[in-house]
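Below are structures written as structure tokens.
The same subunit A turns up in both complexes below, where it pairs with subunit B and then with subunit C.
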Partner chain A sequence: MMPNPPELASGASAEAARDVAREAAFDARIAAGESIEPKDWMPERYRKQLIRMMSQHAHSEVVGMLPEGNWITRAPSLRRKMSLIAKVQDEGGHGLYIYCGTETLGVDRHDLVEQLLNGTAKYSSIFNYPTLSWADMGVIGWLVDGAAIVNQTILAKTSYGPYARAMIRICKEENFHKRQGYEIVATLAKGTPAQRAMVQDSVNRFWWPSLMMFGPSDTNSPNSGELRRWKVKRKTNDELRQRFVNLTIPQVQAVGLTVPDPDLAYNATTEDWEFGAIDWAEFNEVVRGNGPCNRERIAARRAAHDNGQWVRAAATAHAEKQAQNKTEAA
Partner chain B sequence: MFEFLVRLGDDRLVIGHRMAEWCGHGPILEEDIALANIALDYTGQASALLALAGDMEGKGRSDDALAYFRDETQFRNALITELPIGDFGFTIVRQFLFDCHSVLLWEALAACGHATLAGIAAKAIKEDTYHLRHSSEWMRKLGDGTAESHARVQASLDTLWRYTGELFEHDAVDDAVAALGIVVPHDTRAARWRSLVDGVLREATLVVPASPGPMVTGGRRGRHTEHLGHMLAEMQIVARSHPGASW
Partner chain C sequence: MTDSQWPLWEVFTQGDHGEPFEHAGSVHAVDGEQAMQNARDVYARRGEAIHLWVVPAAAIVASAPSDAGPFFDPGNDKPYRHPQFYKAPKGVKVF
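Now for the complex of A and B:
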């Protein structure tokens, strides 16, 4: 018997054959370093991974407003108060910008927010640590934004165009935040003994959580392989973590502070600052929702959402009335 | 002149602080950003005004010294600015009533005889015109939105109305600065304010409370509500815990 000619094959297998061809073409574009745009065909897994990464990033910006917002009302000078308000405002802007970028992948921002509020979406674990002193506003800007920059500088070369462009823009602002944070740290480090103690304590609390921001070790990172192949991620978590430590330790030394790691040592051969073992049990607990502030952060977002319900309803009702008036006038 | 500038500065310092309390807790992300932006503008205006006040006083007090190292009885802000934020509608109504006042005030001061103050006014009027557009838009949305939103903002308006008279009081401080070429015509300003407010309230289907009770006053003399002390306790805690420290 003659095999069926292609045009007579069943619809499903023809579709499958087309997908194989499309995926091969897609892989070739990735290999050639082309940028993937919203209207281009992409494998479903690629779309899903990007939605996951981008929405986590957007959620992180929005939840990240809370630990820093916690100190706006206590900022010790008007200049610091203004720069902190501006920084938190920037984070809101980044969140909005990345939510919009995620919508180019065919999801709705409201659904993403819903996932954050019902606890099914993840966000950066660092924001589940409390901010306990003014020095945390410096250390977060320096270490947390610094770690984010190391991540995002690489993400600016990611294969998905809208995400890459968002990262270029966001990185510029994050660099500004980092400089501002480091300046706060440097000021405190050369301040009174109480200020010095305050900033050292803050570094002690945020050092390890900052290293955890790069995610699980390469030996235990479930999504990394696929993301690397598609050039969504261009460096591994451990490579980025090492890069961050190498960049940061000289800055720590420059202001006369220390990091809470007795195993830290410079390796002259590799030119790396080798650091001690990360407490992955702590990381896993925080990711699972059991960090110091997970519940408070989600509760705060939920309260903002619930308390704003009547406001959103009013805006919708008003817009409908306006539209109706326009129709009647026409 | 010092007293006059401190009044202007404290109004904006306090209302900016209240506005900043919304950061991260707004009804939609766009409003988190907008409210933070407005808080930033008002805090910036406060910083410029208090710095100028310190210069005029000539005792070496900076804007920070004035903001962080005065007690509540030394604050000169109008009472309306210090009330707690309430719900989003309360914040918007307060903002709207204050913005209308502020825009008209800057209009007068932009043409005043004091160059530095006129410069501050010229910059601030642009900011406050935007703030007024923002608060007016929300007045319309909330007033002419749902039955619930209408009831909420009308109740806020009823509460806040009694605090508006203080914004147009005239006293010896105004006479003193008038001699320096700084004239704020409170009477005509009050009338213009009222017509600005009435215009938006009409569109928002809201009404001025029929019997709001007597106007509340005292802020310009340091007689505040119980709320300001709590606000300052929070605002000043870090600065006051480390006297002499730089930040």
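Now for the complex of A and C:
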């Protein structure tokens, strides 16, 4: 008996055959370096992985406003205060760019925000550490935004068009964040003994969590293989982490500070700054929700959302009234 | 009281005089006026735009990637619409 030609094959098998063909075409586009756009066909896994990554990224920007917002009223000068407000506003904007990008994959921002508020969404574990001193504002801008830049510079070449475009926009703005942070650090490092001690203490607290921002080691990163194959990720977590350390250590030395790692050593052959073992048990605890500030962050986010309810209600009422006035006037 | 996220608006920015409007991203807003303000706050915090358009996303009609082949085909097989199609006498600078 002759096999059915594809267009006559019935039901599920025809659909499956079509998916195989589509997936092959999709892989070929990725291999050719094409960018994937919202209305293009994509494997369901690709869509799911991107929704996961992008929404976590957007949530991180939004939660990232909290540790810094904490210091706006206590900034030591008007100049510092203006910069910090601008930076925090940028983080809110970054959250919006990425939420919008995520919506192009067919999810509602409303649902993503809901997941953040009910505690089921993940976000960068770094924001679950407390900001105890003014020096933390410098160190966060320098190390945390610095690590984000390393990550996002590569993500700007990711295969999904809307994500890549959001990253290009964000990278430009993060450079300001990093510079203003490093300026704070350098100023304190040249300051009084108490200021020096304060900034060193801050580096001591944020160094390891900053390295953890790049995610689990390649040997233990369940999503990496697939994401690399689809060119969503262009470098591995460990490659990016190493790049960050190599970039940062000279900046640490330039201001006369140290990092809390007795194993740190320069390898002249590889030209890498080799660092000690990361405490993954701590990382996993924070990701699981048991970091120093997980509950506080979500509570603050919920309170902000609830306290903004009347503003949203007022805007809706105003728009309805305007529309009504227009109809009556017509 | 419902907690709506409001309709989606696509944002286009013109970077400088004489430049074309480019798609920048999108915002949620209750009406055009708020969409304009949100677009300014989200996409033009550093002088990236001298003009903005906000368009209800639902009003945009877009070509479908699956039909892109046949849809654009009429323009792809007409090399005579390009100057390179035509021969010029040797040694004459036409351009």
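By definition in this document, the second predicted complex is superposed on the first by the 305 of 330 C-alpha atoms of A that agree within 3 Å, B and C clash if a C-alpha of one lies under 4 Å from a C-alpha of the other, contacts with A are read in each partner's own complex, and residues count from 1 in each chain.
Assume a residue touches a chain if its C-beta (ideal position, glycine included) is under 8 Å from a C-beta of that chain, and two chains touch if they have at least 3 such contacts.
These figures come from a predicted structure and were not determined experimentally.
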May I ask you to decide whether A:R74 touches subunit B, subunit C, both, or neither, giving the answer as first, second, both or neither? first
Answer with first, second, both or neither: which of subunit B and subunit C does A:L50 touch in the superposed model? neither
Partner contacting more residues of subunit A (subunit B vs subunit C): B
So, does A:A166 touch the first partner subunit B, the second partner subunit C, both, or neither? second
Check whether A:D40 is in contact with subunit B, with subunit C, with both or with neither, and answer first, second, both or neither. second
So, does A:A315 touch the first partner subunit B, the second partner subunit C, both, or neither? both
Between subunit B (first) and subunit C (second), which does A:H110 come into contact with in this model arrangement: first, second, both, or neither? second
In the superposed arrangement, does A:A300 touch subunit B (first), subunit C (second), both or neither? first
Check: subunit A residues flagged as touching subunit B and also subunit C 86, 89, 93, 96, 309, 312-313, 315, 318
Which part of subunit A faces subunit C closely enough to touch in the complex? 37, 39-41, 86, 89-90, 93, 96-97, 100-101, 103, 108-110, 113, 165-166, 169, 173, 309, 312-313, 315-316, 318-319, 322-323
Mind listing the subunit B positions that touch subunit A in their complex? 13, 17, 20-21, 23-33, 36-37, 39-40, 43-44, 46-47, 50, 63-64, 67-68, 87-89, 140-142, 144-146, 148-149, 152, 234-235, 237-239, 242, 244-247
Touching subunit A in the complex: which residues of subunit C? 1, 3-6, 8, 25-28, 30-31, 33-34, 41-42, 45-46, 62, 64-66
Touching subunit B in the complex: which residues of subunit A? 62, 65-66, 69, 72-82, 85-86, 88-89, 92-93, 95-96, 99, 134, 184, 187-188, 191-192, 194-195, 300, 303-305, 307-315, 317-318, 321
